[in-house]
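Heads up, the next two complexes both have chain A, just with different partners, chain B and then chain C.
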Partner chain A sequence: MKTYDFAVVGGGLVGSAIAYGLAKAGHRVAVLDEGDVAYRASRGNFGLVWVQGKGLEMPSYSQWSMSSASLWPSLSEELWDLTDVATQHQAPGGVHLCYSQREMDLRQADLTSLAKATGGQFDFAMLDHQQLREMIPEIGESVAGASWSRWDGHANPLYLLRGLHAGFLRCGGTFLPGSKVHRVHQRGDSFVIEREGERVQAERVVLAAGLGNRLLAPQVGLHAPLVPNRGEILVTERMRPLLNLPTTYLRQTGEGSILMGDSHEDVGFDEGTETPVLSHIAQRAVRALPALANTRIVRTWGALRVMTPDGYPLYQASLSHPGAFVACCHSGVTLAAAHAKRLAPWIAGDSLPSEIAPFTAERFDVQTVIPA
Partner chain B sequence: MFKRLSLPDAPAQKTVIVYFDGRQVTAQDGDTIAAALLSAGVEACRTTPVSGSPRGPYCMMGVCFECLVEVDDIPNVQGCQVLVKDGMQIRSQHGARRLG
Partner chain C sequence: MTTHDLVILGSGPAGMAAAATAVAYGITALVVDEQPAPGGQIYRSIESTPLKERRILGDDYWHGKALVDGLDDPRIDYRPGTTLWQLTRRLEVGLLQGGHASMVQARHVILAHGAMERPFPIPGWTLPGVMTAGSGQILLKSAGLAPSAPVVLAGCGPLLLLLAVQYLRAGIPIAALLDTTPAGQYWDALPLLPGALRNSRTLLKGLGLLAELRRAGVRHVRHVTALEAEGEDRLERVRWQCGNDPEWHCLTTPLLLLHQGVVPNTQVTRALDCAHDWDERQLAWQPRRDPWLATDVEGVAVAGDAGGIVGAKASAMQGQLAGLGAAIALGRVSEDKIHGEVKRLRRDLARETAIRPFLDVLYRPAVHWRLPEDETLVCRCEEVTAGEVRRMAEQGCRGPNQTKSFTRCGMGPCQGRMCGLTVSELLADANGQSVAETGYYRLRPPFKPITLGQLATAAEDTSG
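Then we have the complex of A and B:
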């Protein structure tokens, strides 16, 4: 049996970015991808490369996101050079819309504490209605203002995934689609990854199977207590440009469609859509941009976010099974550049990026505070 | 390019007159806009928003969005999903739709 340097379980955005980073550095890498029956969060996401507001309780998440946002242009360029796939990445800054003065005040307080917690690295500005209108001339009257951050941007997540896959293959990676991995175990110095009708052997294994990590991680001494969280998205017909920068739940794609979304629903593994939720998303979009009132929705879908108990990523090397790693997060687009350029080198043996030191599973253990 | 089939048992259909970019087009009651345009020899009814390349009806079942036209001033109408009506003003959809 051929032995790879690395086997990456999961061909979504997290697995593909890591696999691409490893293959580009010259390692022999196989990606095992389940197929269309998997939950495939990477095919259903919104496409923001987003920083503002992230990491309110954990500033290192903000720093990790900023690192990725900074590396995004070079990732996008190198994928273009390698594969001719354009991710449509743009970083014009982004806004979070507020509908009342109270929302503005709360937002300002949150982002001020985030700026402080990151030593000023994260910066932002509050825009009143008039200032926002200068940026987005067609903004609705009922929008009070917005927070703006230069760190934010967006990309086409499907082209990103395609670019990562193509780049991975271009760098000599082996893509093994087909079926679900059900068993991972260590044998001697290497790992055996088993799935229906096939065994793959690798010196090291990276579990990047999204929600599937829940069952795989314990097999190599890791813990991935993940839960699904559903987001529903609506997409309109293509139309003339009217929104030149992304917002938290509304963006216009390179082709002219408007994507709207950002529901957060605890509905188990149900990937469907519900009319009241879609209706709420659409109404909010029309408040933000009244010109959308009579446009057509051409498609709606639901997708499941991969959520840890606190919403932050999980990256960990196994102590009991050296050479096994787990990586999961719900921001596969934003973090793609950090995963390819900083996480992959760590997995290959470099030192741990300091921002991600807190992202191990021990933080989910029962915590006891002993009163002084 | 397309020829209307005459089925032996089909009842005769009423003639419907529509206009495509100002030109009179003779269709039959029950035709979709896309079918009427194809049978009138129209190959391209829109240009794409991204590259501006010309496109015409393709899937005829509401999926591909290649048959977009403006119908009585409403942009981005799927021609294969709407039946012709007498006097309908159909226009080519040039690029991305306008708004309000």
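Then we have the complex of A and C:
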């Protein structure tokens, strides 16, 4: 059996970014992915490269996100050079819309404390209705204002995934689609990854299987207490340019369609859509941009976020099974550049990026001890 | 949200028969149809067609009159011009009527929304002036509309022949009928002929159509093996090759009508995530159904061509069967009580559908019509070629959903109706796996366009 340097379990955005980073550095890497239908958060997400408001309770998450946002242009460029796939990445800054003065005040307080906690690295501005209107001429009357941050942007998540896959193949990676991995175990100095009718051997293994990590992590001495969290998204037909910068729940794609949605639903493994939720998303979108009222919806969908108990990422090397790693987060687009350019080198043996030191699973144990 | 015992989607033969059967058991039925009048595609505009001369559209068309009259019943709430944009596994039904969206709750649902035409991707099929034969027939039935210049019909299947004859009778000139039925298929179908004789009426009708075309001197070109539509901004010429002859033939025409059979429209059953099977004989997906035509989603049955192509008469019989199934499911009658009626119905259904294996084999589109060359567009909405789909298979895409993510193929407003079958077959071929393993697009609501403004009020309005 051929032994790879690394086997990455999971061909979504997290796994593909890490695998791409590893392959680009010259390692022999295999990605094991499922078949055509699976819980694929990476194919259902919104496409923000987003910083503002993230990490209110954990400033290192904000710093990690900023690091990735800074690395995004170079990731996008190298994927274009390598594969001709354009991620449509743009970083014009982004806004979070507020519908009342009270929302404005709360937002300002949150972001001020975040700016402080990051030593001023994160910066933002509050915009009143008039200032916002200068940026988005068709903004609705009932929008009070917004917070704006230069750190924010967006990209096409599907083209990012396609570019990472193509780049990975270009760098000599081996892509093995087919079925779910059900067993990972150590044998001698290497790992054996098993799935229906197939075994793959690698010196090191990276578990990036999204919600699938829950069952795989314990097999190599790791802990991944993940839960699905559903988000529903709507996409419209193509429109004239209407929104030249992304907002937290509304963005115009490179093709001209408008994407909307930011629901957070605890519904287990149900990827469906619910009319009341969709209806609410539509109401808010029309409030933000009244011109959308007569726009046709092409498709709606639900996708499952990969959530840790506190919502922050989980990156960890196994102590009991040296060479095994787990990586999960629900911001696969934002963090793609950091995963390819900073996390992958750590997995390959470099020192740990300082921002991610807190993102181990031990923090969940502490939380369960402290009474709520 | 208002609750309805029975919601029927579609007022074609299956839907109308299902409604008439169910109300006889004291059930009130809500029948929704996006068309302005009942009849479905087969009996379209039966109450209003300007072609009153009976022989043009034929006796089979006018046969639908009795079914349509049956809709006029106080227990049937028939809503024309109403689209279904959402149906959940909990039987919440999203309707859009006159620009107004609403949700109703159903206890039982019969999907009788019929068939759609199989995609026929040839070079140039996206040019204005190239249409499907089905669209050509819709224009003829509903508006008496027909081209003035001679038209070219190309493809295979009973509908194509029927349309040719209907055009002929309406005095519309036909430049040529280009028949793509592969030469050997008449022999392949022959062993199935004895079975087909159980429904000799349909068989004779088909032979009658062919004879009528021959008598009228319509240029009927057989064994067409290559076909292209050409023109600058719109269709100007049709080119074709026959058999192994390398010579290209050419005709100037402003209108080409393409057709290579009909397949079940599975958009709604796919969105419900019903189990589907690939039918290798009909080369199409069918929702998996029990003897009462119920799917594996509780409370949802599929009747008529939406469940597998059976034709208008058998569709009406399936509608009756599904209507009886609804009456049982809703506790209005016991299975024992209607045992005899059901037995007769199933026997008639078997006789009526006995001709299908013969027709399916005879008019099976050859593989090269289903797997186009690399340069041919497959997804019209997002302009994805067959070659790009094949490249995605090389990059590791095992099925249409991964391909859709990477290329936008199937992501446009038609929701994959125009490319889905082609993409599944292309990927199956490129990956060396079966179509069943390859799968089909996962579909999502809305099934039909709805605006944000309409959706914004959908959840509030419970008056439906």
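In this text, the second predicted complex is superposed on the first by the 365 of 372 C-alpha atoms of A that agree within 3 Å, B and C clash if a C-alpha of one lies under 4 Å from a C-alpha of the other, contacts with A are read in each partner's own complex, and residues count from 1 in each chain.
To be clear about the criterion, a contact is a pair of C-beta atoms (placed from the backbone, for glycine too) under 8 Å apart; a residue touches a chain by one contact, two chains touch by 3 or more.
These numbers come from a predicted model, not from an experiment.
Superposition of the two structures on chain A leads chain B and chain C into a clash. In the superposed pair of complexes, A:Glu237 makes contact with chain B and with chain C alike. Within the superposed three-chain model, A:His165 lies in touch with chain C and out of touch with chain B [touch as defined at top].
Within the superposed three-chain model, A:Asn294 lies in touch with chain B and with chain C [touch as defined at top]. Touch criterion met: A:Gly254 reaches chain B, while chain C stays clear of it.
Counting the residues of chain A that each partner touches, chain B and chain C differ, and the larger count belongs to C. Touch criterion not met for A:Arg102: it reaches neither chain B nor chain C. Residue contacts after overlaying the shared chain place A:Thr273 against chain C, while chain B stays out of touching range. Superposed model on chain A: among 75-83, 93-101, 165-173 or 291-299, the stretch of chain C in collision with chain B is 165-173, the rest showing no clash. On chain A, the patch touched by chain B and the patch touched by chain C overlap at residues 237, 255, 292-296, 298. Interface residues of chain C facing chain A in the complex, by the touch rule stated above, are 86, 88-89, 92, 94, 103, 395-402, 405-408, 411-413, 415, 438-439, 442, 444-446, 449-453, 455-460.
Within the complex formed with chain C, the chain A residues making contact are 11, 33, 35-37, 40, 43, 158, 161-162, 165-166, 169, 175-178, 234, 236-237, 255, 272-276, 278-280, 282-283, 285-286, 292-301. Of all residues in chain A, those touching chain B in their complex are 237-242, 254-256, 291-296, 298.
For chain B in complex with chain A, the residues that touch the partner chain are 49-50, 65, 76, 95-100.
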